[in-house]
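By written order: A, B, C, D, E and F. Residues from 1 in each chain.
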């Protein structure tokens, strides 16, 4: 491939570096575990519900380990070509366009085992990886997802760090910091979160995320009254079922 | 990409601005809520039945906030490429053609969280977004739609403003204004709408929209007799079921 | 796009004009209703069984309103690209090839609401429409069709004119005129049609169309005996079921 | 399109002419019916089981009417593009490559009704047809086929000539002529055919075709003994079911 | 198409000729039947279980008839284009690349009936075939296969030669010759084959092929002990079911 | 194809050679069996659960036999083109790009039988293979996989070497060597593995692989306490079921 496109790639890798330390409060041993996996070259799988901090944790670790973070959203029409690359026309030739994984060719490490290679069938090529490469996948066991469909043969190549909503005091601290609300409001929001999450035993598809608690806080801080804020940032987004919406509204009224 | 195509893009963004204030009568707090979401950079989801004013409200807000409004219809064969862009041949090269989201690259904001990025896998690139960017999705919980299939992990990234048919007096005002009919006719049409919407408990797939009430009014204004106008603009479009059509016709006869 | 291709388009629009008035006999108020919809810029949906005159009516109105008529057959592998256009190679460049809708860009009107735009995602473009543009869809509620799958959100954007087989005397007049047969034969054919259509309550998928009655008439006029003409133009085309074929044959024998 | 490709097309049409009269013995009025349909511009549908002479009849008519015969096999991955054409690269341009229907553009006639047009969506074009064009479809109601899936709205645009295996004496004459065997053998083969076809009431998917009877005759003429000839040309091809194979073998033994 | 590519094709056809006579021992009349079909221009279908000699027989006949043998594996993503050809870019033009069938254009014969043509829809062309062309399909009625899905209308265009595992003495001769083992071992292997094939009545998906018996023999000849050889070459390949594996192992132990 | 691309291929083959002997401890006769299959040109199928050493064994044999090892991961969107190659634009021509199989054209051997050829339909070409080529497929009968879907006609072309988790003492040796832990810890981990694998009779989808036991060991060696190491490297990766997770945790507590 031409020099230009290579130079392009180095630049691209740089733009994946995280400049300032992302706010993250450790819950248990996740940081030491992740660091150990990184040193032991063991791929990591982050498991846990929506909006409980998996992504933020990953950004935090990328910052601590001084590694660029390349994210690939696994939507339905993501093809293998999107990941490893494809052929394109350049002038009169067909040249190879690297995908996000191949962009980092110079730093790639065995994706899942000690063979330390990424075979690119379409190019009949093998990529030798650098030591610093680490593969992390993140998924939510709570519902069908591209990754949940992974075969055991894939899952058994990862070490898994499981996440859940942060413990009460920690979540209060996070909501307070992120939404910029008083401790009192943060406490009420976290209490609300706790009660809504319990509704999962009564048919709620998934609990409310810390993120939505923060949204509600932000709205209140901007002057929206508590009931409305919780309604638009919590009740309406998480369910279309009138019954369930009513139950949540009652909880809100009881707390605020 | 060549300057030309970039210039092309700026022009395109301009043509998305809304020139004159669209007629919209607020129902509850939707305007202040939307404005707060915009300031807090919280993505918004508009929920509600067909033709109850979601789109009009969005145009109204885009006008008030002085933001261009870029609409993407989510039909079945809409691909990720349609949204973020694709590769094309330009002279002897393969160049990137921006999709509607990338057209607005210079103004894009974190689509759904505080990472503030749009990764374009196919280009191995990251888009930094401007502050004014806001993502809004609109859907109808009443039936299967592309968006209804969204996972909780997506839904929990939006604040939701729920719409319904306007309250009686307001809908009368709207029909009168949009169809240019007398208050008397508007009142009858809204009463008809109310009764037809009640048929949902008797198997009607979805209630009649304010838009169809307006259509009927426009036809009457043009001299079509009321019964025919309601038949062609309300009864026939919303159902193919002879039984249901009969019930609606009876309601029409009772009112006009 | 190059001037040439534009010139090409103007020519194309011209070839869509209907030169001589198509034969059409109004059944009820469909002509005034359609004309009103046209003036009120309300999209129209034509509903009714196969071969009852929907297409002919549309050609008639296009002639009366002096508008070119652009038809798009909605078969299974019709893609959005077929409708709005696609990219093609022209010399060394990739140029946009308009689809049937975009061919009429200069005259397009809001497809379904008052936004008066057709967004072309693939081009990130918006088409402003002319006043004379009108969108009409035609479908048969009698069986699964591309349009029947339309969501309420689509159906509620159209006014619907419902068609059925013409009333007895009118259908006699039509068969006589189109097939060039005597009134006596036309009467018998229409009577036959009436009886065959009643078989729908006994499992016949769909009634016989006026078109097939005309086919039978044409064959008789050419000297084919009545029984054979009805067999090949009515019985055999509308059903593969021996039982049903026998019933129809008996009706034919009773009439001719 | 360039002159060359047009010249190419004229040549192509010529190669579709049928040079010598194909052997065909009329069963009933099919020839006069087809001729009348041709004169009346009514599209024709040929219905009947496999190998009963539909194709041969069509070749015969094409010869009598002095029309080129263009055949399109409707296999699963036949796309609309295969029929009406597609875009190709020619030198530096993208040119249109006609499909079998468009090859005959200059002679095309209304495919199914009196609009006399073939709209080519991909080109936004309309084809005016010549008087001599005639559309014929052939299908076997006995099992799922591409055409059987046609909607009533399609079927009701054709006149249908139904075929079956030829009557006894006629089939004997055909087998004798085509396989070049004695009348005695032909009589036995037709008798065998008759009995095998009766097995349809006992679960045989479809009767044996006249073609297979001819195959058997050809093998006998080449010296293969009757039992073996019938086994390889009739029993084995039409069923994989041992039971059914045994029944057929018994019939063969009884006759030869 | 350019001379070069044509020359290329002639060379290709040559490389399809079979140089030395393949070892094949006739079971019944298959050779005379095939030769007769070839002379009578009747397409042939080879039916029978996996590895019973269909392919070898075909190679043998191609050698005897001095015809090149062109094989097309019918896997799932084999498209019609793979068979008849596709368009490719050559220099600045789009040229036609022949598929395996079209490679033999100059020698093609009516694929399935006496029309003696292969219509290439994509090219709107007709191929006249040479007398020596013969079409042979091979399939295994024992399980779903691309060919088994053929419609009766296809099956009834072939004469069918049915194969089964060779009779005892013959199979012994074949195993001895191909694996190079003693008659004693060959006898034991064939006896084993016989017993394993009987397990089909007890749920074994398909019997063991002559080929696997030969594999076992080859392993023994190389010094692998009989039990292990049969385990890896027969038991493990043909079933994943522990029960079934145990049954086969017992049979092996009883014989060796 | 141009010299360059050919040279490219030779280099590619070299990079597939395995430089240093991979650690592998034979369980039974697999090495002699594989060597014999290689000498007898019999394709081999490796059967067994995830992470029990199939891949490592294959690398070991490739090293011993001094053959380059070309791996093709069979993911869902792997097409036949990915394996045998595809057409690409090179300058002004369309050239053939070899797939991983074709890369090794010069050394290819009959893929599955004695025909010794690989037909490339898309090129209408035949590849003659070298003696040293050997085809090996590896799959896990424990769950649906691309290969498990193979038809008997494919399976019966391979000899199958079946793998399972290594016997106790051997697995202890492997864990000790690979994770670098004490024999005591290795013993406990293997004991844990044994007990977890027994849970398969109680609904566990698949047993824990030797690889995960090694992961746990590596974590302990890095100072992570045993319970946590087993939790993140064994319990969490292999199941999402809380019940099952609890059972495994109890086993861990009992052992460590």
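By definition in this document, contacts are C-beta pairs under 8 Å (C-beta built on N, C-alpha and C of every residue); 3 or more make two chains touch, one makes a residue touch a chain.
The model shown is predicted, which means the values in this text are computed figures rather than measured ones.
K.L.:
Common contacts of chain A and chain C?
P.N.:
B
K.L.:
Can you list every chain in contact with both chain A and chain B?
P.N.:
Joint contacts: the list comes back empty.
K.L.:
Based on CA centres, what chain would you say lies at the far end from chain C?
P.N.:
That would be chain F.
K.L.:
Quick one: point me to the chain whose Cα centre is farthest from that of chain E.
P.N.:
Checked the centroid distances; the maximum from chain E is B.
K.L.:
So what's the Cα centroid distance for chain E and chain F, whole Å?
P.N.:
The computed centroid separation for chain E versus chain F comes out at 30 Å.
K.L.:
Take the average of all CA coordinates in chain C, do the same for chain E, and state the distance between these two points in whole angstrom.
P.N.:
Using C-alpha averages as centres, the distance is 52 Å.
K.L.:
For chain C, give me the residues that contact two or more of the other chains.
P.N.:
Counting only residues that touch two or more other chains, chain C contributes 89, 92.
K.L.:
If each chain is a node and each touching pair an edge, is that a line, ring, star, complete or other?
P.N.:
Shape of the chain contacts: a ring, since each chain touches exactly two and the loop closes.
K.L.:
Flag every residue of chain D that touches chain C in the complex, lowest number first.
P.N.:
Going by the criterion above, the answer is residues 29, 32-33, 36-37, 39-40, 42, 45, 47, 79-80, 87, 89, 92-94, 113, 115, 117, 119, 121-122, 124-126, 141, 148, 151-153, 155-162.
K.L.:
Report the residues of chain E in contact with chain F in the complex, numbered from low to high.
P.N.:
Listed in rising order, the residues of chain E that touch chain F are 9, 12, 15-16, 50-51, 55, 59, 70-73, 75, 77-78, 82-83, 86, 88-92, 97-100, 102-103, 140, 142-143, 145, 205-206, 208-209, 211-212, 215, 218-219, 222-224, 228, 232-233, 236-238, 240.
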